[in-house]
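Both complexes shown next keep subunit A, but they swap its partner, so subunit B is in the first and subunit C is in the second.
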Partner chain A sequence: MKKYLTRMGDGERIEMTVDELKQDFELGTKDAADRGKISPLTQDELDYLLEIFTNPNKIVSVEPGNEVPLTHDIGTLRLMGDQGNSGVGIPLSRVQGIQVHERAFGGDTMELGHIDYSFKPVKPVIAMEQQEMENALLSTIVPLFYGAMPNLGLYYSPDGPFGNPSDLLPMGKIQEAREAQEGAVEHATRDMIYICEKLYDVGCDGINFDTTGAAGDADMKATLHAVEYLKANTNLAIEVGMAGEFVLGMHGGLEYDGVRLAGLYPHQQVKLVEKAGADIFGPVVNTNTSKSMAWNLARAVTFIKACVEVANIPIHVNMGMGVGGSPVFETPPLDSVTRASKAMVEVAKVDGL
Partner chain B sequence: MSKQELLEQAAQSVVDADRDATVEVAKRAIAEGIDPVEMINDGYSVGMSRVGDLFDRGEMFLPELIVASDAMVAAINVLEEAMPVKNQSKKLGTVVLGTIEGDVHDIGKGIVATMLRVYGFEVFDLGRDVPIKTFVEKAKEVGADIVGSSALMTTTQVGQKALEAALKKAGLRDKVKTMVGGAVVTQRWADKIGSNLYAENASEAVLKLKEMFS
Partner chain C sequence: MGGLRTAGDLVARMQMTRKMRIKDAKAYVAEKLKVSSADLSNEHVMREVREELDIGIITSVPGCAKGIEAKARIADLLGIEINSVKRLKNKISF
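What follows is the complex of A and B.
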């Protein structure tokens, strides 16, 4: 029986028959439907996934007319960073890096980001970031975001003023852990607003809150509060990108607009992101390294399709290392990442990647 | 109350994260002569597995998980006192066990330690967040037959590979068998790093090690 090259979730090359692919598509979409309490993919959609997977070409693309805009996170670190942080170590300035993305790579938007890529460390160097943003704006045409992670982890010891929930919770100090997170929400919201307003002052087009929820529900609450304020007080375009497929309940009791944040899946997250005032939402579905790409992609497409169906703002799904059906691999293999992207655009109907 | 009812109560008390209930059920099980190992395997572990599933699905959150874990540990402590140590005259092997540095997960590894003791292994449980060199030093000190490591996160999983290398460097790798486990660990990972044995849960760890050392 003919076998097709595909991948495991950790990037290992494997071969699967049509029957094996079909079975994993069905199990993957069923898993998402079961967890998210959403509809599984239809038979037509599963058949189309099979068509994408059995395409004999190494890379695939969308049909003409189905192209979508590309936004880009992590700033220019992909070019300038070394192998330790998944970059390729090319010695460029950040402005040059943005120009390369715009003029050579055809990026539809680009962003400036600090090497630490978290909001808190930007605070003491905000004047430098303002100047760099101004320089970049003067020499490019694409809309320029400033990107950073809310990263509430930096507000806990040893990096910040509050006790660390990861230390407090195993000791059974649940109330203390919750109070630490509530305190961090206030500090992080204040810092993010301060930084974004300073960047808005120099003409920054938008803000990308990247990997929201990485430090749990408190992380997301702080982000939504910052978005709400910025929408009401600036003309910044705002993108909220997630860290995981559901909001981790490090606190468990935090709410936004009367909705508990912990445990929300993409189709539920987007409604709160909209309510806060964001313009673009970047949902995430995590890749399971022990499952095939067929299982992972069918599952990811199911979650994202449900999110797209209820969204009133553009959905730019996160695609890359370990998310969106792509393997967990520093530089995801082309055969996988192009198949995953095509499925997200043509089956899940996302507005952008 | 039937054994089946007690097992179900044990599982539910963990899901409810009710410490008083877990301990109460454990005491009742001892009083009624139910095998403590069965209570752990088919009662409390089943509950913890349900908790893990709820957490994995975003339906239970970290604070509740911590309380549930604590409740289960309290029950196991009660049951441990009533456990007969089997094959006391014949030690099956010496095990050095710990959770890899950077990883604070303790429960699964703790259950493996308990079960191995019950089945006649001498176990040195190094706890959680254990530096690689501590595994090596302890294995050398006690003349370990098995070095077991647990990793619950992909970021700490790589420590199991480093442990293989550290044991080789210390000249111990040919003298010990290595065993790996933890939520993110798979048989494929064990094969990839050259570990001798992968166990998905405590019962499997016991079964495989007994087979290896009997």
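What follows is the complex of A and C.
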């Protein structure tokens, strides 16, 4: 029986028959449907996934006319950053990096970001970031976001003023852990608003809240409050990108607009992001390294399709190393990345990547 | 979509400023540029359209609108507010 080249979730190359691919598609979509309490993919959609996976070409793409715009995370760090930042270590200024993305890579949008890529460290050097943004805005044409992570972890000891929930929870200090997170929400919201208003003052197009929810429900709550304020008081476009497929309940009791944040999946997250006023939502679905890409992609597309269906704002799904049906590997194989991207656009019907 | 090679920056701006889904964003930009939605990703069509409208092209041609010059023309063409263009206008209206 003929076998087709595909990969495991860690990028290892494997071969699978049509029957094996079909079986993993069905298991993957069922897993998403069970966890998210959403509809699995239809037979037509599963057939289309099979068509994508059995295409003999290494690289696949969408049909002409189905192209979508891309937004980014990590700014120009992918050029000048170290390996820990998935960078390639090219010594460029950030403005040069933005120009390379616009002029050489044909980027639809671009982003400026601090080398740490978290909001908190930006506050003391905000004038530097304003200056860099001013220079970039004068010399470029594509829309420019400022990107950073809410990263509430930096507000806990030893880096911040509040007790660390990861230390407090194992000691059974539940109330103390919750109070620390509630304090961090207030500080982070205040810092993010301060930074974003300063960037708006110099003409920044938009803000990308990247890896929202990385430190759990408190992380997402702070972000939503900052978004709400910024949409009411500035003309900034806001993209909210997530850290994982569901919101971790590090606190467990935090709510936004009367909805408990812990445990929300993409189709539920988007409704709160819309409520806060954001313009673009970037959902995430994590990749399981022990499963095939057929399983992972069917699962990811199922979650994202449900999110797109209920959304009233553009959905730019997170794609890349370890999310969106792509392998967890720092040099993402093009065969997998292009297949995942095609499926997200033509099956999940996303508005961008 | 190809950014300045095509109309990717323009479609992205409509998603960012008006929360437009992909079909609506493409239809809006296509109408403003007087091309079809499919042509927004066609380098051969968009190169000429961008040159004629002087809204920025990907290669460095002397005399073509660059940077904020092109963005000022894009704001007028699409009927949107671009924050950096608004700031420029405030700075020069003395």
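Keep this in mind: the second predicted complex is superposed on the first by the 353 of 353 C-alpha atoms of A that agree within 3 Å, B and C clash if a C-alpha of one lies under 4 Å from a C-alpha of the other, contacts with A are read in each partner's own complex, and residues count from 1 in each chain.
Everything that follows uses one rule, which is that a contact is a pair of C-beta atoms (placed from the backbone, for glycine too) under 8 Å apart; a residue touches a chain by one contact, two chains touch by 3 or more.
Keep in mind it's a predicted model, so treat the numbers as computed, not measured.
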Once both complexes are superposed via subunit A, do subunit B and subunit C end up clashing or fitting? fit
Is the number of subunit A residues in contact higher for subunit B or for subunit C? C
If we overlay the two complexes on their shared chain A, which of subunit B and subunit C does A:280 touch? Say first, second, both or neither. second
For A:55, using the defined touch cut-off, is the partner it touches subunit B, subunit C, both, or neither? Pick first, second, both or neither. neither
According to the stated criteria, A:135 is in contact with first (subunit B), second (subunit C), both, or neither; which is it? neither
A:164 in the overlay: touching subunit B, subunit C, both, or neither? Say first, second, both or neither. neither
Please indicate which partner A:249 is in contact with in the superposed arrangement: first for subunit B, second for subunit C, both, or neither. first
Just subunit B (first), just subunit C (second), both, or neither: which does A:23 touch? neither
What is the angle, as a multiple of 10 degrees, that the CA centres of subunit B and subunit C span when seen from the CA centre of subunit A? 170
Quick check: superposed on A, how many Å separate the nearest Cα atoms of subunit B and subunit C? 29
Where on subunit C does subunit A make contact in their complex? 1-6, 8-9, 11-13, 15-17, 19-22, 25, 37-38, 41-42, 55-56, 58, 60, 66-68, 70-71, 74, 81-88
Flag every residue of subunit A that touches subunit C in the complex, lowest number first. 64-65, 67-71, 102-103, 105-109, 137-143, 200, 202-206, 235-237, 239, 279-280, 312-314, 350-352
In the complex, subunit A touches subunit B at residues 12, 35, 165-166, 169-170, 172, 174, 177-178, 216-217, 246-252, 262-265, 289-290, 328
Help me check something: in the complex, which residues belonging to subunit B touch subunit A? 57-64, 66-67, 70, 104, 106, 154, 184, 186, 188
